[in-house]
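Please find the structures below.
In the two complexes below, subunit A is the common chain; its partner is subunit B in one and subunit C in the other.
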Partner chain A sequence: MSRQEILDGLKTVLGPYTMDKQALNSMNDETEFIKDLKINSANLIDIIIDAEERYNIEIDADSAEKIHNAGNCIDVIMEKMKEKS
Partner chain B sequence: MYRCDHGKNEREELISIGNDIIALNKTNSDRTKQQKFYSKILGNQEIDLFKNINSNILSFENFVWLAWSVKESVYKFNKRNNDEVLFSPTKIIIQKVDVPFQPQALKFNAQFERISFDKKTCFCCEVLFGSAVFYTRTLVFDDVIFSVANNTNCFENICWGIKAIHDDSYKTQSSEVRKFALKKLNKYYLDEALSIKKTLGGYPILVQQNNLPISFSHHGKYVAYSFINYGK
Partner chain C sequence: MSGRVVVTGMGVVAPNGVGVPAFLHAIENGISGIKFIPLYKDLHFNCQVCGVPDFDFSHLKDYLSEVTFHGLKGSTIGYAIKAAADAWLDAGNKLYDGKVHWETGCVFGNSVADTEAMKRIISLVDSKQSRKLGSRMVEQLMNSGSTAYITGLLGLGNRIITNSSACATGSQAVLMGYEYIKHGMAKRMLVGSNEYIDNYIFGAFDAMRILSRKFNDTPEKASRPMSATAGGFIPGSGAGALVLEDLDFALARNATIYAEVLGGATNSGAQQGTGSMTSPNAEGVVHCITDALHNANIEPKDIDLVSGHLTATIADKMEIENWSVALNRKGDNFPLTNSLKSMIGHCLSAAGSIEIVGVILQIMHQFVHPNINLEDPNPDIINIASAESFPVKKINKNLDIVVKANFGFGDVNACLVFSKYKK
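Showing the complex of A and B:
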């Protein structure tokens, strides 16, 4: 799965939680979940679980703490998918 | 009213403040009870802490969100002064929870502002983050949970407020919490035109009072502030 495909899938994951749909549509690697997408921190666990289910992976605490923007979220997803394959 | 007790963990005061608020109607109760969800917030020793709390005083779902708000407020306390700090809920460990002396369901009614916390009605936690110990006070209302963190076990000078707002858009949350805090700050600093700015790291400060740290939080239709009142 390419980076772009994961970015597009991530938009679906983040959709229910973002308060800025315009920022979500133009999301790139640098887009920060809380600052740019106005996602409430209380939804961060929901996002991790939804991403785990979508990509059939498990995201541990060490990996989850690295996630604050789309780019490092995609990095973690790709790393976990690679570990599984 | 609770008196300050710095105890063994007395440290030089770090100028910071952190709070967090959870609107329970914005959480997913069924998901909160699922192990795959709460295990990303709670460690086994924290789940054991819950076993000692009467579930009539605090449901498991509310315990999970109490723990989240405690951990988030401790994180915010630390992040303000150290941009390198990462938020990893299971690495912020609640070691002790004291339940309120007179536990009762607190009804939230539009607005609530106080200085300090009354141990009759709040949960008091001792929290380990890295090698440092932090302290929190949490109020559990019927529809909202609110926590404030400090690095000493003294909350006597901490001013805080919670308010229900008319809509949950980000712009409204942001403007309402500033208005709410400024209204309170203006009661302490009467003769000044006050303005709240953000530090480079994005943390609110009161410019006219030596960059006094202020913590904001919002979730759904609730906003909250906290700051330390230095003797005014």
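Showing the complex of A and C:
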């Protein structure tokens, strides 16, 4: 699965957690979840749970702590998918 | 500050009608909201009928942001949001106006926090998957969850309180809201209560053998307050909400005024005398009614209608006796009395607020709703008050003063006096 495919998938995952659909549509690696997408910090944990389900992976607490923008979220997802395969 | 408190908005989620127009139609026409629940049969409950609102959870999308709606699971909170937001809009306000209404507070009560959230937590924790619970469970597990959702949605910035006193919860919430405005602590209060009866709550009541079990095949006949064949109450779910407002504040913003709250009282019989955990001390009830009338500055003879607690248990007779003693009225002189529970069952914490919405509608539209299922009044009751005191058909009538009471487990009483609004 390419970075672009995961980025597109992430837009679906993030959809229910942001009111700013314009910022979501133009999301790139640098897009910060809290600052740019105005996502409530408490919801980051829900986003991780939804991503785990979508990609059939487990994101441990240490890896989850690294996630704050789309780019490092994709990094973690790709790493976990690789570990699994 | 006028020192007068009026009702300017209402919202309701009742077993026989969701939204004020549907609810009004139902109570005018004696429509029952009691339904047979097949699952209760599978669970071997004695009582297999319940008051269930025809509530479409997805309609909450009309009130909540997509983000807020996404993680909301519980019906308890869903009912509260619907009733409270409808009351707020009905009073001429807007959702999401971006303001903090510092002059407006909230008292909203319930008995049990959201049991659907609890069940999810218990099952995921027990199966060692607590990490899947996510961030939204605690806010729905809190007793103050409903109040928190409502006040965030409406931007209420005055005192925010979650109250709980079993079946007196709703009436107490309205009374507290009234008192805060009356004493100048707030200009407006969004008040109400909610209840969601799930299998577990229902089962616990069923085990007490205080629910009606002989009408499982004819659910609409199952709730029979004051009837000789009353065999217990029928639990119901729902929520009721009202906007209470200082008269001057309401007039200044050209609000439509539905009725006035003249006063009220709440007390406890302390589980002494005839009182216990589950039944009221008659002396306490009489005190509560007398205090409410005194606080509202009205005489027993002024009362046009009593909206009773009257659940369809053996306590009905005692309640009528207590009203008779407190008001010193009996026989043909006993006031007209009705019980909304004949149509919706006993909505426990939500009973008071839903029934008060019913009272305000009767005052606005000048009618007395029928007591359904009262073709066979209990002889002990009509020994105290004439049978004509308990109408079985809708009566169109000039209604001015209506007294409402609820009595809850723990021997807590609450009584309120409402009137037509006069300038």
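By definition in this document, the second predicted complex is superposed on the first by the 85 of 85 C-alpha atoms of A that agree within 3 Å, B and C clash if a C-alpha of one lies under 4 Å from a C-alpha of the other, contacts with A are read in each partner's own complex, and residues count from 1 in each chain.
Convention: a contact is a pair of C-beta atoms (placed from the backbone, for glycine too) under 8 Å apart; a residue touches a chain by one contact, two chains touch by 3 or more.
Keep in mind that this is a model prediction, so the values were computed, not measured.
K.L.:
Is A:N40 in contact with subunit B, with subunit C, with both, or with neither (first, second, both, neither)?
P.N.:
Both subunit B and subunit C are touched by A:N40.
K.L.:
What is the contact status of A:I49 with respect to subunit B (first) and subunit C (second): first, second, both, or neither?
P.N.:
Both partners, subunit B and subunit C.
K.L.:
Under the stated touch criterion, which partner chain does A:E65 make contact with: subunit B (first), subunit C (second), both, or neither?
P.N.:
Touch status of A:E65: first partner only.
K.L.:
Looking at A:D20 after the superposition, I want to know if it touches subunit B, subunit C, both of them or none. Which is it: first, second, both, neither?
P.N.:
first
K.L.:
In the superposed model, which partner reaches more residues of subunit A, subunit B or subunit C?
P.N.:
Touched residues of subunit A are more numerous for B.
K.L.:
Quick check on my understanding: which residues of subunit A belong to both its subunit B contact set and its subunit C contact set?
P.N.:
Looking at subunit A, the two contact sets intersect at 19, 40, 42, 44-46, 49.
K.L.:
Which positions of subunit B touch subunit A when the two form their complex?
P.N.:
Checking each residue of subunit B against subunit A gives 20, 22, 26-28, 31, 36-37, 40-41, 68, 72, 86-91, 169-170, 202, 218-219.
K.L.:
Can you name the residues of subunit C that touch subunit A in the complex?
P.N.:
Residue positions touching the partner: 65-67, 70-71, 131-132, 134-136.
K.L.:
Hey, which residues of subunit A end up touching subunit C in the complex?
P.N.:
That would be residues 16-19, 40, 42-46, 49 of subunit A.
K.L.:
Which subunit A residues qualify as touching subunit B in the complex?
P.N.:
Residues of subunit A touching subunit B: 19-20, 35, 38, 40-42, 44-46, 48-49, 61-62, 64-66.
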